[in-house]
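Have a look at these structures, which come just after this line.
In what follows, chain A forms one complex with chain B and a second complex with chain C.
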Partner chain A sequence: MIPLSHSLIIAALLFTLGLLIIMLRRELLFILMGLEVMFNGAALTAIAAGQYWTNADGQVLTIFLTVVTAAELAIALILVWLVFERLNTTRADNLKLLKDNIDRGPP
Partner chain B sequence: MNQLLWLIPGAPILSALIIVLLGGFLRYRHIAVLASCAAAAAFLTVLLAWLNGAANAQPLQQTVYTWVAVGDWRPTVGLMLDRISLVMVSVVSGVGLLIHLYSIAFMAKDNDYRRYYFFLNLFLGGMLLLVLADNLLLLYLGWELVGLCSFALIGFWYRDPVRASAGRKAFITTRIGDLSLALGIFLLFSQFNTLSLPVLFDAISEQWQPNSQLAAITAFMIFAGAVGKSAQIPLQVWLPDAMAGPSPVSALIHAATMVTAGVYLIARMHPLFELTPLVQWTVAAIGAVTILYGASSALAQNDLKRVLAYSTISQIGYMFLALGCGAYAFALFHLVTHAFFKSLLFLTAGAIIQANNHEHDIHRLGSHGGHSLLMHGCFLVGAASLAGIPVITAGFYSKEAILTTVWPASTGQLLWVIAALGTLVTSIYIFRTYFLLFQNSQKAVSISPVNRMMVWPLFILALLSITAGFVEFPAGWPGPQLWSTWLENEFGTATHPPLATVYVLQLIASLLPLLGAGIAFLLVRREKTGYRLPLSDFLRDGWKFDATYKIVLVGGYFRLAHFFKLIESLLIDAMLHKMTRGYKVFATYCRTGFEYGVLNRGLNGLLSGLRFGHAQLSTAQNGLLNRYALMICAGAVFLLGYWLW
Partner chain C sequence: MYEIIFYLTAAVTVLAAGSILIVRNPIHAALYLVIALLALALLFFLLGAPLLAALQVMIYAGAIMVLFLFLIMVMNLRPTQEQLPFLSAGWKVPAFLALILWLELLVLFFGLLPEPADETITVIEPKVVGESLFGPYLLVVEAAAILLLAALIAVLYLSRKKRL
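Let's look at the complex of A and B:
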């Protein structure tokens, strides 16, 4: 039986890793992967907690989370593809349509 | 047997789901067979229940699952099959099965068969759920489900705007009743904190005094719901227009089953209604007026299906009359026989109309159309049963039973006279239709023979329209009275007047249909020479109810809107003009003294300050995804830190 703290440490590591990927990488696909890693961290927490309290809800939650993530990822991939098609880039730095342009004056 | 109960509403609903989800992979034949099999499964389960002695034993019960659990209130999806439900379930699933079979041939040339069978199956499931429900919430679910299916099937050919608006009209009109029913259910829940029917009846009989005001209000609300669904005055206007749907739909929903849901509801809630004689009398009075309304309006119709629609309104009036007089068993009896002969009439009418290029006018159908002998026979049987030709038809027995029990009720004599008059007019209008259709129509040479799948349901229904009455002979006759004794435990016995009176009443009531048929014969002969009934326009438009509603409700609303508009233009515009002028004077004064000196300078200062702030803030809004993520993280860390320490 794995102690709870070990699982939680791994989960925290996964979460931080995902967060770092999101903050540091510039490629949209990598950012999505970082999101996935973060989700895995969260799911691992749920499973670890479920094991600790010997309750099946954690596993149910994880399966649910996986399904939702898959659905969400499908939509995100479509968006990335659309971005590539319209703007011809997948780098996050180049997507600055929302940037406020002070020269134009207030909207 | 208890465990199989879910199959009765479950099979049609499952089949509806399959059709709507996977119907794209299936051909017409498969969908039609699947839908009919589902109806057959429901019917076979009901038969199994009969064979297992559901008719005599305790009510069957099954709780499928707990629907909602809020505190100690747990409405279940629970089914209950007692004798009242058994009657309803048998009729609904039996007639439903026959009409599914009939539809196979009838809808074969239509492209939207998938939608048709989906709604037909869903309707069947909803109706069975309605009559099997053991709590009011589930009953209401079924109630709304059949309303929805009725709307969708009336407007089935929705590309024709008239038909689509007929569907909307039905939905909106019944909605008024549904709202009232929902309010009644809320009231019951707020009083007793439960919706389970057996518990509710115990609580009602314990806690509410007879004639109490609360009981009267609740009963009236539920009665109004029944009025909407069963097309009684004043909410009857939707039913004649509902004939825009396909004929099998009219037969199933608007004659045999859905419109009788109101009758079932009142019969089911009879412990409540027995507490309030006033509401009960209202039920009877509405029923009596509706009998006369429907029968007289049917007299002047020229559209074959509209004749039958008005006739349905009037026949349901008989059921309400019986309910109001406390003869619940006879109301159900008439419901059953009416389901048989009216669906027979509708299916025959549908076949005739389809064989003659969708011609609805009875005069033209009679003079040009050819009708096969089968149609002739089936229509005659249905018409005879509807008119209540003595001794040989089912309609006679059920109507007779109602008429004799009306007499001893309060103001029973008056109600009896109205109902008897209704019988006479019923016989006149249906035989007028019959004579116009068949008297000198050509022999069926040119038209194609009727599909065999359509013939069998007609035969079975015709047989039932004749024989279904023999289970209950009128009071004082040497014959079995199985029906009323069987339902005695549920409803108690209906009171009869003394035997001598009974015989006189029966004699009069059984002569009236024959008299009516004679009058109809003379009427048709005169009508063919161009004679028109007095008041025929008034009657054809259903006593001008539609026009009145249009003037009173729609016109009233417009009048109100115009009134408000007038007020607006008079009051507000005038005031605004005055105010504007005042402001103008004030503004010119301010401008010279105030604006140039104070405002301009102040505003300029403010503007430059804001610009500076904007420039500072907009560096944060740089559109960089990663920077935003960093911000979110920083915020989250800050909040976490704030909460933890």
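Let's look at the complex of A and C:
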């Protein structure tokens, strides 16, 4: 039997690594990958807690977490593609426009 | 013995997730992410959640990573010059981590463990999860269906050909 604290330590490490990826990398795809790592740390927490208390709720929570991740990732990836198509960049530093006046030029 | 495999897999997960932080090529980052997700599936299995392990392999390592790889290849991303370039040895490190996972899988499958001592894993069967999912959580399942439908409509709207 794995102690609960060890699973929680691993989950916390994963979450912290995901947060570091989001904060340090400036590519949009890397930011999304860091989000995935963070979601998986949360899922490991839920599953470890569910196994500790011999309860199926942790796995149910992880299933819903997967659903939310899939929905979020589909929309985020199409937004990244639209950004690349319009601005021809994937770096988060270059996204400085709030108003879309690319096609029409400066007014 | 289970503990050894568990901690080895945890080390593989953390190493692969940490490697995403420092690689330059997006394809290599996707490789490391696949390794991390597969190792996490093995962690779920060792914790006693076989349904979630299978779902992790199918949904994360199967579907979501295909989305990532598809987008990386469509956008034709170059390696960025922004990060410290060590551990960018291409496929070798992901292959090594995957080899560790594969050896663990062989050990688990063919029963190379010395003996199943008193250490037991409390397995929560998929049947229990399903009964819980369609019993007290039925309303949340419906909400998840609506969420997926909304995401589908949003993606279709965003990826339409003709700008309105």
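Quick note on the criterion: the second predicted complex is superposed on the first by the 97 of 107 C-alpha atoms of A that agree within 3 Å, B and C clash if a C-alpha of one lies under 4 Å from a C-alpha of the other, contacts with A are read in each partner's own complex, and residues count from 1 in each chain.
Simple rule for what comes next: a contact is a pair of C-beta atoms (placed from the backbone, for glycine too) under 8 Å apart; a residue touches a chain by one contact, two chains touch by 3 or more.
Please read all numbers here as calculations on a predicted model, not as lab measurements.
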A:A12 touches, of chain B and chain C: first, second, both or neither? neither
Partner chain(s) touched by A:V37 [first = chain B, second = chain C, both, neither]: second
Which of chain B and chain C A:L87 touches, first, second, both or neither: neither
Partner chain in contact with A:F64 - chain B first, chain C second, else both or neither: second
First (chain B), second (chain C), both or neither touched by A:L24: both
Partner with the higher number of touched chain A residues, chain C or chain B: C
Those residues of chain A which chain B touches in one complex and chain C touches in the other: 24-26
Chain C residues within the chain A interface of the complex: 2-3, 6-7, 10, 13-14, 17-18, 20-21, 26, 29-30, 33, 36-37, 40, 43-44, 46-49, 51-52, 55-56, 59-60, 63-64, 67-68, 71-72, 74-75, 77, 80, 82-83, 119-122, 124, 128-129, 131-133, 137, 140, 144, 147-148, 150-152, 154-155, 158-159
Complex interface listing, chain B residues touching chain A: 614-615, 618, 621-626, 629-630, 633
Residues on chain A engaged by chain B in the complex (per definition of touch): 19, 22-26, 31, 92-93, 95-100, 102, 106
Contacting residues of chain A [partner chain C, same complex]: 1-2, 6-7, 10, 13-14, 17-18, 20-21, 24-27, 29-30, 32-34, 36-37, 40, 43-44, 47-48, 50-51, 54-60, 62-64, 66-75, 77-82, 84, 90
